[in-house]
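Two complexes, one shared chain (chain A), two partners (chain B, chain C).
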Partner chain A sequence: MSAAASLPQWQRREKLVALLLLGPAVLYLLALSIYPTIYSLWIAFHNYSLYRRDLVSFSGFDNFTDLLDSDVFKQSFAVTLIFAFSAVAIELALGFAIAVLLDRKMRAANVLRTLLIIPVLISPVAMGLTFRYIFAPTYGLLTYLMKSVHLPTADWTVSVTWALPVVIFADVWQWTPFVALIVLSGMQSVSTEVTEAAELDGLTEWQKLWRIVVPLIRPVLLVVVLIRLIDSIRMFDLVYVMTRGGPGSTTEVLSLFSYVTGFASGDMGSASAIAWVTVILVNILVAIFLRFLSKTS
Partner chain B sequence: MVGRKSFGGSGGLFGAPLSRRSALKRMGAGGLGALAASTGLSGVARAADAPTTIVSWASAGQRWEFPEKGVLPLFKKKFPNIDVQIFAEPIGDMLAKTAVAMASKSDRYDVIFDDYNYSPQFIAEGALENLEPYLDKDPEFKKDILADIPENVLDLYRDKPAAQGGKLYGLPPDSNCQMQYYRADVFEKAGLKPAETWEDVIENAKELSKGGVKVTGTTMRRGFWAGAAFITLLRCHGGDWFDKMEPGGWKVQLDTDEGHKAMDVLMRLVPYMEPTALNASDDEANTAMLNGTWTYAPFEWGGSTMNDPQYTKFADVWKVAVVAKGANDKGHHAPHMGGLGLIMPVYSHNKDAAWEWIKFCTSGDKQDPAIGKAWVENAGQPARISLLKKYTSIRPYFAGMMESLPVAMRFLPIPESNALYEIVGTEIAAVVIGQTQPDQALKNMQKQATRLMTKGGYYKS
Partner chain C sequence: MTAQQVISSVSGDDRVRTQATKAGSFRPTLGSIGAIFVVGLWLFPVYWIGLTSLKPIKEINSAVPTFIFTPTGANYWELFTKFDFARVLMNSLVITIVSCFVVIVLAVLAAYSLARMKVPGEKHIALWILSLRFLPPIAVAIPFYIQWQDLHLLDTYLGLILIYVAFNLPFAIWMMRGFLADVPVALEEAALLDGLTRLQIIRRIVVPVVMPGIASTAIFTFVFTWNEYLMALMLTAFKSVTVPVTIAKFVEPYTVLWGQLSAAVVIQVVPMLIVVFLLQRHIVRGMTLGAVK
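For the complex of A and B:
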């Protein structure tokens, strides 16, 4: 007698109900997550043009190898890495400093923490538009303010030198509070017995921070850096709204390059290949960080 | 039973104790039932509703969204049973999104006010409704529109030219071409005249920047915008995309003498361009011209707000001339033809209502003089010659447009058009910011364009 047949009827009914209730969620995942992922991998290995679908053909690894010849891809790859590592490094430094400042008994600490989280709640599109007009070269707010006090200005969002730093600034402004709050929660989870013992041993505040607290919250720091790195590598909306990847392709991150390649040029094969390169990059970073994390544990 | 918790004490909803599992099962069934019921009810509600709702997707602002909204009250009076929802987005965002929508067979939009540059690929995809059967049902309207809109403008929305039996897949309530925009007050003060050749353009731009502030601009954003700018320069110097656009031809002609001349002019002009130009699409260009940041735009797309006092205090002083020609022997005036037309996706479920909207927007004075008036007064830029002539008094630049349209040259009538302009525009944007050398950029665009045409099968014998 089969295993299924040997189950009492009420258990078979329970299983059926469970399947029916799980069904919509599984179908949703299959349709909107798993199928598109597999399909995009298929497209990445084909010449697939949006406007010439009569010419779709298998191309092997051509879409990937062609990227190596593309100056714009190399530029995008470099811009993505520079953006991600710069933004995350600044967010970590500033966020840690803010967390240290907040990790003490003070009046209105809760109010401060609530106010701190506001940038994270703002839509990146709204924030990007605001910063775009602040940093507009000729008629932006920053240019106006600097000129009114006779300070030299720059072309900000249309400057080859300044466009990327400006985008990094906007990202840091939005996500530093998130990093600060995660690090703060890590600090506050450190046992007071440990810190009191350190005080009794005569350690200064600075020594306590670096020799006791930081090593104990290292897993928290690694996790928050990993989360921010993944988000930064995948970032699209902020760059799209602020600079559209310009001037030229100075701020064109991989996700935006993939979008332009796919939907402006119609080359979905290359666009999918770029997307998968991004996936591989993120996975390599995750693997490295998880290794660090397990060593720390 | 072991492991089962009961709710309701001695009596649940139906008298017997309700176990947690039973409660969850009933909640799940209830949720699914509610979902099914709401879908059914809304279906019944839709059947009972009289009006048809169509969605008209347009680029935001002047020439497209505003004139549609301007004629909408008149349309509602004539067609009370058709509700038109106008959905607008900035043109820099919208155009690429229309390609996505058509590729994904979206049925969300019944009418799209789209750039003709996308028509060849949409027609090739089979995404557009052929409008000839609708036109044939109203022979008077058809006769009027064929007579009042220039054939080279209508051909932009045909699968092939009318002379070769092409069919219309869109109707244009809007026409456009690049023009040489200049502020008459600024030019007069500087003792300048509109340029006849591109050397004159560079001299004008140089002179205007002598005060230390650069005021010349055009749309140089990477991709389509910068691509169109360069191709205009190429054509003005006697060059073009291909040797000939027919079987046996299609040889890319970018890295040629004319290409080098065009690149040379561009590189001598760029130092005098206002910084915003380097990353500008139409949205940024129009803003810069309206707020006075730019006072000279030697090859800029038509903007109906330039002469409208509700949008700019410089409405009386913005003038136009035809785009300059190359200073070489082959030089001629060759602005790009622009323009957006109303197309109907085949995926629309409200085609008859959509056709009424398209016909209304393109009727000009045919159905009611108020329509043409509302269209123009709400920042429209008509394709009908009758409207261009009639409203020159309130839009002086219409006269310049009528002069430029006959010499304007269209984007490529092949599905690869957008991709080709992206290739050129990417290289041009890299050159103007110093990332690539001009000669290398010409080689790169020649190579990439040739590869694209090869993939498209244009060189097969």
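For the complex of A and C:
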């Protein structure tokens, strides 16, 4: 067989092999990610009670318009945004500060960086409950500390004023190290030549940080903020174990609201509509950030 | 500009600064002390829950926190004798390990195809896969519950494993694609000329070379699956209940069994600690979807 005739055949076989290797994963995701997502959208447009599945009927946009009339939904929507944006803002500020602190030549730097991974790997369930113990009213460590310096204390996780800040606090505690580690690795990828040139130009440490390093690591900052915002908007476990959405619905984020609507009242239609609000929120965020990112470079 | 370009541009500069910020002779010391203090403070809750797991009930519920006491193994003992924790631990281990294995096999094959071979619409497929990483679990939770009910998959290992593979696959493919892109193609080209098939090349040449990448992808899948709560809460009842669900069950309406709870938390955290110290180098890259090397 001549080389000219065998080449296209070889290419065709390569293409087939490529599709056979990629195929299983793509089919798996179509069946177990895309199909359930579309199914969920279908449910959102139906009257769908978990307990009367023989009575499912098309309801158009009713589930969505009902949400717009519901005060609980409005509150849940607001709580989700307040939770996500304030937690991520604090995490970014603290994480950045810790990264600056760790970005230095010191013998313990590697050990400290490794230790800082630990909070990230602990389950949000464990983290949430640990803080619930620390914030407990009579035997909690925080209550003891507040009392010993004569500050007023509260039953933190069941207080209308404090429940949301306490949940944000726990989230900040868990994820600040994540932000710090990523910002730190971004800072360490800034080349020495650039910073040395800045020093020759007589810039102070502070000026170097804000004028040289921050603009250079902007894409890293944007990626980390995006990842954190999306994960906070989808958040369920930390809130669920700390407050169950209470008191009232002061900490009921959208995921929790959807869960309660679906499984406590069996109203799968509304629950799916709420879940789809989070899907839409996440998509809007991704679109905005991609726009931002493309502007930076 | 696509997200992929963005993410690769983030990692564009490979020159690692060898020398950290130069400063006066006094400031680094102060800064080092600050760094140690901050990290210590951050780990305090972890230390506190570990301490609690060794306390007798009287110390746990004491209004004045105690740091010095006679440690007891009673909480751990009760966890295994009264709460059947060994079975729960076994459930979590089986579900997590099987999920990791399936994810890695599917991800390595798919990532190889995306990184090395010509696939029509390759970039779009890669981005589509990445976008699934951001799908809110609550959106698929309800359909899964309904379908699993019909298929009798509620409260089974298989029911959870199928979902965990779907949740971890996008991230794993994306990560493996990054690791594979770093491997020089010369070796594989030589093997192709020697007449090895693509599958043989993957098994004999690629897998040994990207083993660190496979290990860190497996770790992330492990951590996610080991810690996952929402799906396990909804889709298990008794038979295949996992560790996080059990931990949360120690919170009862009028009382919380802090002793047993903290012991269970410690047991849940231990595998993570082992993982961190074994593979710390690869973890940061994984956390950013490969955005930072």
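Methods note: the second predicted complex is superposed on the first by the 259 of 297 C-alpha atoms of A that agree within 3 Å, B and C clash if a C-alpha of one lies under 4 Å from a C-alpha of the other, contacts with A are read in each partner's own complex, and residues count from 1 in each chain.
Criterion: contacts are C-beta pairs under 8 Å (C-beta built on N, C-alpha and C of every residue); 3 or more make two chains touch, one makes a residue touch a chain.
Since the structure is predicted, the reported quantities are computational estimates derived from the model, not experimental observations.
Three-chain overlay on chain A, with chain B and chain C in a clash.
Shared-chain residue A:Asn47: touches chain B; no touch with chain C. In the superposition on chain A, contact of A:Thr130 is made with chain C only, not with chain B.
Contacts of A:Leu55 after superposition on the shared chain: chain B is touched, whereas chain C is not. By the touch criterion defined above, A:Leu116 reaches chain C but does not reach chain B. Of the two partner chains placed around the shared chain by superposition, chain C is the only one that A:Ser189 touches, whereas chain B remains out of contact. The wider contact with chain A, measured as residues touched, comes from C rather than the other of chain B and chain C. When the two structures are aligned on the shared chain, A:Thr138 is found in touch with chain B and with chain C.
In the superposed model, A:Phe236 makes contact with chain C only, not with chain B. Legend: residue contacts after superposition of the two complexes on their common chain; A:Phe263 is shown touching both chain B and chain C.
Contact with neither chain B nor chain C is seen for A:Thr161 once the two complexes are overlaid on the shared chain.
Common to the chain B and chain C contact sets on chain A are residues 14, 17, 21, 50, 53, 136, 138-139, 263.
The touching residues of chain C, when paired with chain A in their complex, are 1, 3, 6-7, 9-11, 13-23, 28, 31-32, 34-36, 38-39, 42-43, 45-46, 48-49, 52, 60-65, 106-107, 109-110, 112-114, 117-119, 125, 129, 131-132, 134-147, 162-163, 165-166, 169-170, 173, 197-198, 223, 226-227, 229-230, 233-234, 244, 247-248, 250-251, 256, 258, 261-262, 265, 268-269, 272-273, 275-277, 280, 283-285, 287-289, 291-293.
Against chain C, in their complex, chain A makes its touches with residues 14-15, 17-19, 21-22, 24-26, 28-29, 32-37, 39-40, 43, 50, 53, 98, 101-106, 108-109, 112-127, 129-134, 136, 138-139, 141, 144, 173, 176-178, 181-182, 185-186, 188-192, 195, 199, 205, 219-220, 223-224, 227, 230, 233-234, 236-237, 240-241, 254-255, 258-259, 262-263, 268, 271-272, 275-276, 278-279, 282, 286, 290, 293-294, 297. Interface residues of chain B, counted against chain A in their complex, comprise 21, 24-25, 28, 92, 96-97, 99-100, 103, 120-121, 124-125, 221-224, 274-276, 278-279, 281, 288, 291, 293, 415-416, 418-419, 422-423, 426, 429-430, 432-436, 444, 455-457. In the complex of the two chains, the chain A residues touching chain B come out as 14, 17, 20-21, 47, 49-53, 55, 71-72, 75, 136-139, 155, 157-160, 243-250, 252, 260, 263-267.
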